[in-house]
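Look at the two complexes coming up: subunit A is in both, with subunit B in one and subunit C in the other.
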Partner chain A sequence: MSKKSKALEYYYEKFKAALLVFLIVLCIVQIGILWSSQSGSFPFLSSFFPDSKATSQVSLEEVKENYMLPYKIVLSKGYDEEHYIVPNGSREYKSLWDNAGEYITKALETKPTQTQLIDEEKWGVILANKSYYFEFKTQISIDIVKWVLNIKKPVDTLPGLSKIVICPDDPNNSYYDVIYIRDAVNIYTYILTDHGQNSLDQEVFDSVYNSLHGKPNFSNYKIAIETGINSALPKDMIAPFTSNSTEAYATVDYTPLGSQDGHTSSLAEYNAVQMELFGEVRSDYMPDEDVYGSIVFKNSDSVYRLYNNSVAEYKFIGTQISTEKPKVLEAYQRAVSFIMDIKDRSKYMGAINLYLSSISESSNSYTFKFDYSIAQGGEYGELPVLLKDFTLPGSDQPFDSSITIETTSKRVIQCRWLALKLQAEKSLIEYKWNFPEFVDKAYNSIDSLKNSNLPIQNYGIYYVLVQGSKDYSINPSFVLFNSEGNYSIPLNGQ
Partner chain B sequence: MRSRLLLFIIIITAIMSLVVSPVGAAPGKFVEISRPEGNAEVVTKDVFSIFGTCVYDETIITFEYKDRSTEEFKPLETTEGYSTFKVGSGKMFGKDIKLKYRGENIIKIIAYTKDVKDDKDKQVQTYTITQGEEKKKSNWFEKAIEWITNPGKDSDKDKKD
Partner chain C sequence: MDWKRAKLILIFVFIALNIVLGVVLYRNIKGGEVSQETIKNTRSILEQNDIIVECLIPTYTGKDYILQYQETVLDKSKIVGGLLGKDYTKINDNTYEKDTQRLVFPSNCSFEYSDSGKNNKVFTESKNEVGAKLKELAKKLDIPIGEFQLDSFNTLVSGEGSRAVYKGVYDGYSVFDNYIEVDIEKSRLKGIKYAYKKPVNITSRDINVIPVYQILISKISNYPGIKISDIDMGFKGFNVDKDTKTLYEGLSWRIKTFSGTEYFFNATNGESME
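What follows is the complex of A and B.
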């Protein structure tokens, strides 16, 4: 063999080896891409891919606290004294909730001193007497609480928590810190005899009170127990029961995604909707329109749909293999990851905060509901969004929360969310209102409420979004809830 | 024929008695006062909140207090500045009043509907609200002494004080 042909063979072998290495690398990359696009994670390779689960797991750790926030934080000066709702999203709200986490963690690492069945009257008295009250919209499963608060050594006694009262240095309990936690059935009392923290002590209380006192949307309310034990109201309801409260709220403007007349036909319009939904134009999703006129983007295992009423939907249509009972924490993490992804991709979700409002379990999945809340700017807090009369074609369930997401431990099965561009105006309008006056107005003007003759279960100030409304700006309303539904009356601006 | 007419009159009378009696009864029950609780309360602050739930739509409520010098009842204004107000279909009310005196305040709550013409048919309830001294807030030293000398004294009590 000549020297030249030897060299040629040498380079040919080199080329083959290089090609083999390249193909192996390509193969690994391909496997990585496939893994990252599936619900399961690939621990080593997924870190190379920007869209991978590992990346979102890291950010999930960073933002997990933002998805388990109390709907209400109340400061109380005692029975028949002043009670204030701390504006959600304010600096004081964040610091109080951060500090409360230390007390709750400590409590859940010990056994309760006392466990008693819920007595509404007693609960109302505790709430009115003690300094801090934290209320969630629903009972949060204890596994989720442990994960969010990083509780390392929990003593598992309660299935979840929905309401918490914290009384640091309680004079009625030898100046120990006392925590009352309520689930759907019991009140658990924890007396922390070796808790060295003082992040919610009297000094902190005074400092928060002083920094908020006199500011708008920090009004002196009463707690329903103080209206008398024979009053028919829920004993822990907090409201302006006697004098007017003056509060300032923004008008919220909203615009739907895509074409405003609900009909999209051109590729450019489809692409525009994709940009708003996904933050990019996805070539792997085929655009289409269904029989209801909804915009559809479909690939082999999932469908995105944008209904005419601005509800977006993701549906997994691939094969589900797993039949094992899902774990609530894993399902919740899937749900939060998915919602994070929507929030990251969609600019319209920027001004929206989310509150977990319901958790329900079926045989092989969990459904989580979240409500939107719109920031008013700084110390003015937030105002939640209430959906009214929203229905979806082909579904017998009302769409009553801003996000409804169904997940297993492995994947998201379905997610529906309100996909509107919501924007609070910069100027705020003053509203004067009190509870009995607006109950009167509601009963005088809404026949179905009057005829139902049912006790009031709750109330709130909301941005009420009515399906089909062509008024693209909304002002706050007073909303009453009973077991049959909700009834709203617009607040009167000044 | 006569017995049928008699039966008809009896039925009509029975129905009328059911329908008319709630407003015509004397004195009527027009409001359930939930606060003050019982006939008397002791408070520390000079502003007291009165709460109640009315039985009928459109109930008129009047507050009065007993003047110590004349021993007569006079109109008692709420902090919003009126002593008589109407409660509509919502049926509930909550009003703040400023107590006139330290010590005993005799307060009268009068409730009626527009169908009530005679004073004797109005619902009248009298309450005694005693404004006492505000509890002095003890300092940390006093608290510590109290805790050392009497550690279990107040434990597990959730008083409304």
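What follows is the complex of A and C.
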């Protein structure tokens, strides 16, 4: 064979090899396209095909605990001793709440030893004296508690619970574990004589205390009953009453969904908003807008709306056939499934935790409210978001919780939620504050608070988000609550 | 192993495989064909339900399209002046009256004119001449008559007079929500219903429409006794509430009967639209 024909054959073989590689790649690409258009996902090609709708399918059972969390866990060393709020979302918070579940489950499987009407003073003393205190933002219906805590053999005596005190190995009760549960009317005392668990015993208390002691945002507070400084304050309020507390919080930046330059009604902009709201472009919804300038996505039985103030709304507009009285658990499960779906699809809710803040019943539906809380990162805990002056066109109700969802046993009727990209900055700012100083500040600078002359019901440190504010970053504020509303004073950063 | 030979065999195998995949992909993109056998079966299923289809059953299964509108506001003064002339009474911002004539503006882009008595607006009952007369009137009212085409011309249910219905057209597609309905009785204009929003753009969507035979079998079979005169496709929207505008509409199937009833179904999900 001549040198020339050898070279020719060499290049011919090279060409065949290249052609074969090309054909294999083409084959894989075609299969990928077909796969993504048929089933919605292709294991290793999904990144090449943006249409692939790989959505994670987390079951309700797996995440149900994340939607019923106490917004406050307090460690107490005894009356007139040290009291600490455990930073929400921290490792210690999660472990304490997990362990508390065992005690609450055990208590609710027995009859209370004692049931007494609420006596605020007595409750304040119990809370100050006993090791662990767990507080919810609202009374949680017992059916929801049973479902979340997997209580198999409940003894139905109480309608719900809002506050819990756990005292393991109580020396005043023969070293049995004692649980105090409070609803809107009564305090129920459970003495667990056959509880073998030690998951909240003194050793665990010391371990949590030692692990958090000296850390930022783990400050020694007082309980109102111990101070006697203002008889109008709730007796179980916990705050830095007598000395300054130094705490570190991040500045939170926020940006609305969609275009920063205003609404244009272009299909590209609608698609961009859909990507942020739904995680995909929903071709089953027709884009539109309303007379208020809100972005609308509608189909024949439901409408999504993104108002100009960044409140998103889902509304069922189909016919409701069922008129039967809804069951609170079924309605709650519908609500949580819907919120899970929103969280799952929208990246902007990644750093947000939710706290159930209200449950109300109407003739054929339940309305659940949830508040957002923004993670500061690790041991710094979280800080809740408070909405101020948020109103919606055509609605006479203020929008005062981050999520308001109305459901029946069968479906979600309406859900409104704050759809903002909220992001805590990495660096934290130190704030020094104490309760009496900020109450004085509030009363001296807010006329409506001074004139209302109503007792303080609660307080908190919040990110206060004011409708229409163009600041796009928020720092924490001290907020007082009375029966007329809330009043905020910004904390002073160091 | 003869690697040279193996390479050649593999090349042929992959060429064949790519051709097969290419054909499947092409069919997928095109949306697939509805066979004549399917159409025949559809007709016989409908006949069993006492439904007669006296027109072609479309076989389109391709892409859905979305029509964008521009906000349109009618020049009320031209409409009022053109229909009622002078000396009319303004009842409120949206209602005007003169003798037996009444003109209502249900929205910024629609009006309804009616006359319960005799007026001097001489029209015609000839199908061919209605268009010419309407053209004259449209000029006075500043209506874009060129964007409409005659959709039906029927005797009114009362038996006296006729109704000419014009539907909007844009880029070869019907726009069902743009329409002019003209009622004529004894060669006089009895009423006009008009609705128009300016279409500005059509964009294709990454979703295929449902073939109409599926809607005929699943939805229309619930209406036994009807005789279908026409089946076509066009743009149609739906109202959510009075505060929501309609800036975009998708395709819908329209099924018309000889009695003049129209059924609309969303072409992408098959849901009834009215």
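FYI, the second predicted complex is superposed on the first by the 432 of 494 C-alpha atoms of A that agree within 3 Å, B and C clash if a C-alpha of one lies under 4 Å from a C-alpha of the other, contacts with A are read in each partner's own complex, and residues count from 1 in each chain.
Here, contacts are C-beta pairs under 8 Å (C-beta built on N, C-alpha and C of every residue); 3 or more make two chains touch, one makes a residue touch a chain.
Everything quoted here is computed from the prediction, not taken from an experiment.
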Which of subunit B and subunit C A:F481 touches, first, second, both or neither: neither
Partner chain in contact with A:G394 - subunit B first, subunit C second, else both or neither: second
Contacts of A:D290 with subunit B and subunit C, given as first, second, both or neither: second
Touching partner for A:K16 - first (subunit B), second (subunit C), both, neither: second
Subunit B versus subunit C as contact partner of A:N299, first or second or both or neither: second
Contacts of A:C27 with subunit B and subunit C, given as first, second, both or neither: second
Which superposed partner A:T227 touches (first subunit B, second subunit C, both, neither): first
First, second, both or neither for A:K122, with subunit B first and subunit C second: first
Subunit B - residues contacting subunit A, complex: 32-37, 43, 45, 49, 51, 53, 79-80, 87-96, 143, 147, 151-152, 154-161
Touching residues (chain side subunit C, partner subunit A) in the complex: 4, 7-8, 10-11, 14-15, 17-18, 21-22, 24-25, 28, 64, 66, 68, 203, 205-207, 237-238, 240-241, 243-250, 266, 268-269, 271-273
Subunit C contact footprint on subunit A (complex, rising order): 13, 16-17, 19-20, 23-24, 26-27, 30-31, 33-34, 37, 51, 265, 267, 270, 281, 283-284, 286-292, 296, 298-301, 303, 317, 393-394
Residues of subunit A that touch subunit B when the two form their complex: 79-80, 114, 122, 125-126, 128-129, 171-175, 222, 226-233, 241-243, 434-436, 439-444, 450
